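See structure below.
Naming follows writing order (A, B, C and D), and every chain is counted from residue 1.
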Amino acid sequence: MSKHIDTLIEAVFKANLELPVRGLVTFTWGNVSAVDRKQGWIVIKPSGVPYEKLQVEDMVVTDMDGNIVHGTKRPSSDLATHIALYKGFPGCGSIVHTHARNSTAWAQSCTDLPPLGTTHADYFFGAVPCTRKMTDDEIQENYELETGNVIVETFRTRAIDPEAVPAALVAAHGPFSWGKTPEEALYHAVVLEEIAYMAMATMSIRPAISHMQQTLLDKHFLRKHGKNAYYGQ
Amino acid sequence: MSKHIDTLIEAVFKANLELPVRGLVTFTWGNVSAVDRKQGWIVIKPSGVPYEKLQVEDMVVTDMDGNIVHGTKRPSSDLATHIALYKGFPGCGSIVHTHARNSTAWAQSCTDLPPLGTTHADYFFGAVPCTRKMTDDEIQENYELETGNVIVETFRTRAIDPEAVPAALVAAHGPFSWGKTPEEALYHAVVLEEIAYMAMATMSIRPAISHMQQTLLDKHFLRKHGKNAYYGQ
Amino acid sequence: MSKHIDTLIEAVFKANLELPVRGLVTFTWGNVSAVDRKQGWIVIKPSGVPYEKLQVEDMVVTDMDGNIVHGTKRPSSDLATHIALYKGFPGCGSIVHTHARNSTAWAQSCTDLPPLGTTHADYFFGAVPCTRKMTDDEIQENYELETGNVIVETFRTRAIDPEAVPAALVAAHGPFSWGKTPEEALYHAVVLEEIAYMAMATMSIRPAISHMQQTLLDKHFLRKHGKNAYYGQ
Amino acid sequence: MSKHIDTLIEAVFKANLELPVRGLVTFTWGNVSAVDRKQGWIVIKPSGVPYEKLQVEDMVVTDMDGNIVHGTKRPSSDLATHIALYKGFPGCGSIVHTHARNSTAWAQSCTDLPPLGTTHADYFFGAVPCTRKMTDDEIQENYELETGNVIVETFRTRAIDPEAVPAALVAAHGPFSWGKTPEEALYHAVVLEEIAYMAMATMSIRPAISHMQQTLLDKHFLRKHGKNAYYGQ
């Protein structure tokens, strides 16, 4: 194993351990993976191992078709979803999936998470989209793969840039987020859960609230991202 | 005492201690029991002992009629409810009762907990049913026993399989969950509390939300349970 | 000082320390007192001392007119409210006042906390009443005393037994609870906060929910309180 | 550096560290500053440094135009907002900005936080105002400065005394609070988050609730503030 993949395994392992620390997972309900695009390898959490027992050597390495390259455990059953996202989003380096409470509530409501304030705008350049419901065929055959495909389809048909909106809600399921590194994908998962709570609370105070001004959304996203970024709190 | 019952006592004791750790109980508002069907014995938390003082030797063993077989404390006053469930549900090995906040809110609303997403579908194969209100007679005579009976009646009259939906809400009271072992019954209690919060939040975002697709419910439950199970996160 | 009053001081001190542990207070927003009816003395938290610095010797002892009998600190400014309650409710041995989040939300909504389930019925034999708004005169003159008086008036005019419903909500203010001992008054404060959350959640799920059955309320309260009590979880 | 500025640096550092302890910030989403009006210096958190790595020597000192006087880090990008507030509110000695969940939800709802109870009235002498939306020009040019200006404008045009209502909500953004010292500004940030939750909960229980009585608001604020203050809990 190259030194680069060892570093990636360590980063994926640490990000997985952060999931319960950040309050994003109950039991084993979540996973983090990352991709080494040069090598064509994916590092992912093993299937069904509780976080409190997870060891760095439990991490599983597969190729882009899901064949195990390294490791003695089975990869997370969500591997096929992760692979579909890596194939569909070339700029994506790491993926986090959780069933965090408030993000999942939005996914269950089959509703886009609307941009209502600058906390959202600092990281997501527009609504976090919710996928369409999957068809019976998609559910019954290659379900995990099709879960990834329906996310990619959502971004393509709605012309959303996955690097500007690094998360999606899968209808009646839960959130996926991503980033260049495991740290960034995890960061986005935490932000998503926070803005999911805030948006729900905002609508409870004022049900008819509409999206924030586009100018303000532009300002906040663009002062932190892209070539003219300058902001730090 | 046989070695088997000692193992069961230890498991029931540990599951009881997990209730406050998991945030499911305030004060003494909860209890875990388990049954040794060969012997015809039930192990249950003693009555009124705070969790922080609970010792393994405080556990009470009774026969299926509630007569004390082992132990110096009185059994939980909910024993009769547990016995009714063990008699009504032959596949049930352990029972957890709590007044956890969000599950109890659903019970108080006298409403089935609807399946709105895959977190629910992974463990409960359909709505978690809420019982009818108990009659005055049931309440005034053999109340704890009748509490168990009304749960069993709910599953029978609505043709729900208690192994596929391992929990119930007692109207204006609170949740009961079960499983093959104390670990599993407790696991289901934690899931129930989590999906109770999520369903409430989902309805707050979108009041008119309806049940998830049956195909998706089938897929998620059946990939984890039964002979074709394959899933691990 | 008699040994009895020392024991009471210790109990009041410990109950005050429990307020932040139980999540019932932010900063100094709460206080516990107790009465020694034989001696005619009240023990209460000193004014403005943060819980993390509170020492047992900071406790203040006053007579029933609020004159300091023992201690070097000023008593809590809420002392006059406590005195009015001790005078109005002869069976009351200790009082807890907090601004706990969910109980205070009910008080701010100027609404009785309705009995919606057995968690409520186990400790409160009916709705926890909310007082009428105080008059301008009551607010401008002897405000703290009149706050106690309006609670007593609420129980008298509505014929509620303060030993069967050991708490009240003061409109646009917050909760008071009581009991025979500081432990019991604190216990009721914790229960009140819990059922306040549950009732709000229940109404969020089902806005038109009505009170629980009277028979069930009777059963739960009476199996735990009074001469026929038998229950322990 | 004078001894006075060292003391202020230490106080600003400690108040910044309290933000995550009090649950007011996720990641680096918040900052505390203070002003030394004699010297014309501002002490503020450095930009983008995580709280767990923050050292007292990281604090940045600038003049009233934002030029760095002391320190090796960049000041928080929100510095211009803080400067506008210090210039507009001569009695203000310290400022706290966060994206705390419930305060931010009110800001996102573009709604004043109404005074619904005495917890609010003890610290805020009326509604905590929400600013108007900023114009496109204000957002696109000198955004951080204009954020401060729109707060000052809100207090001036609505004739609100910033010492009697020591906080504001910036529409679609989040809360700012202030006080004479970092301790006081932080205290107000904690109170604001608490009353933001309570007000949302109150409206969930009773949507048509109106402001508390003016007499009660006067009584609670004035018994704690100004020359006739006497209250301590």
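FYI, a residue touches a chain if its C-beta (ideal position, glycine included) is under 8 Å from a C-beta of that chain, and two chains touch if they have at least 3 such contacts.
Predicted model only: the values in this text are computed from it and were never measured.
> Answer with same or different: of all residue numbers used at the interface between chain A and chain B, are over half used by both copies?
Counting which numbers both chains contribute, under half are shared, so the two copies meet through different residues.
> If chain C and chain D share one sequence, what is the angle of the rotation that overlays their CA atoms, in steps of 5 degrees?
So the angle, rounded to a multiple of 5, is 90 degrees.
> Once you find the CA centre of chain B and the CA centre of chain C, what distance in Å lies between them?
Centre-to-centre distance between chain B and chain C: 33 Å.
> As a quick test, compute the distance in whole Å between the mean CA positions of chain A and chain C.
Computed value for the inter-centroid distance: 47 Å.
> Mind pulling the chain C residues that touch 2 or more other chains?
Touching at least two other chains: 204.
> Which of line, ring, star, complete or other matches the graph of chains that touch?
Drawn as a graph, the chains make one closed cycle, so a ring.
> Which part of chain A faces chain B closely enough to touch in the complex?
Against chain B, chain A makes touches at 26-31, 45, 47-48, 74, 76-78, 99, 101-102, 104-111, 133-134, 136, 139-140, 143, 172-174, 200, 203-204.
> Residue numbers of chain B touching chain A in their complex, please.
By the definition above, chain B touches chain A via 116-119, 187, 190-191, 194, 197-199, 201-202, 204-206, 209, 212-213, 215-216, 219, 223, 230-233.
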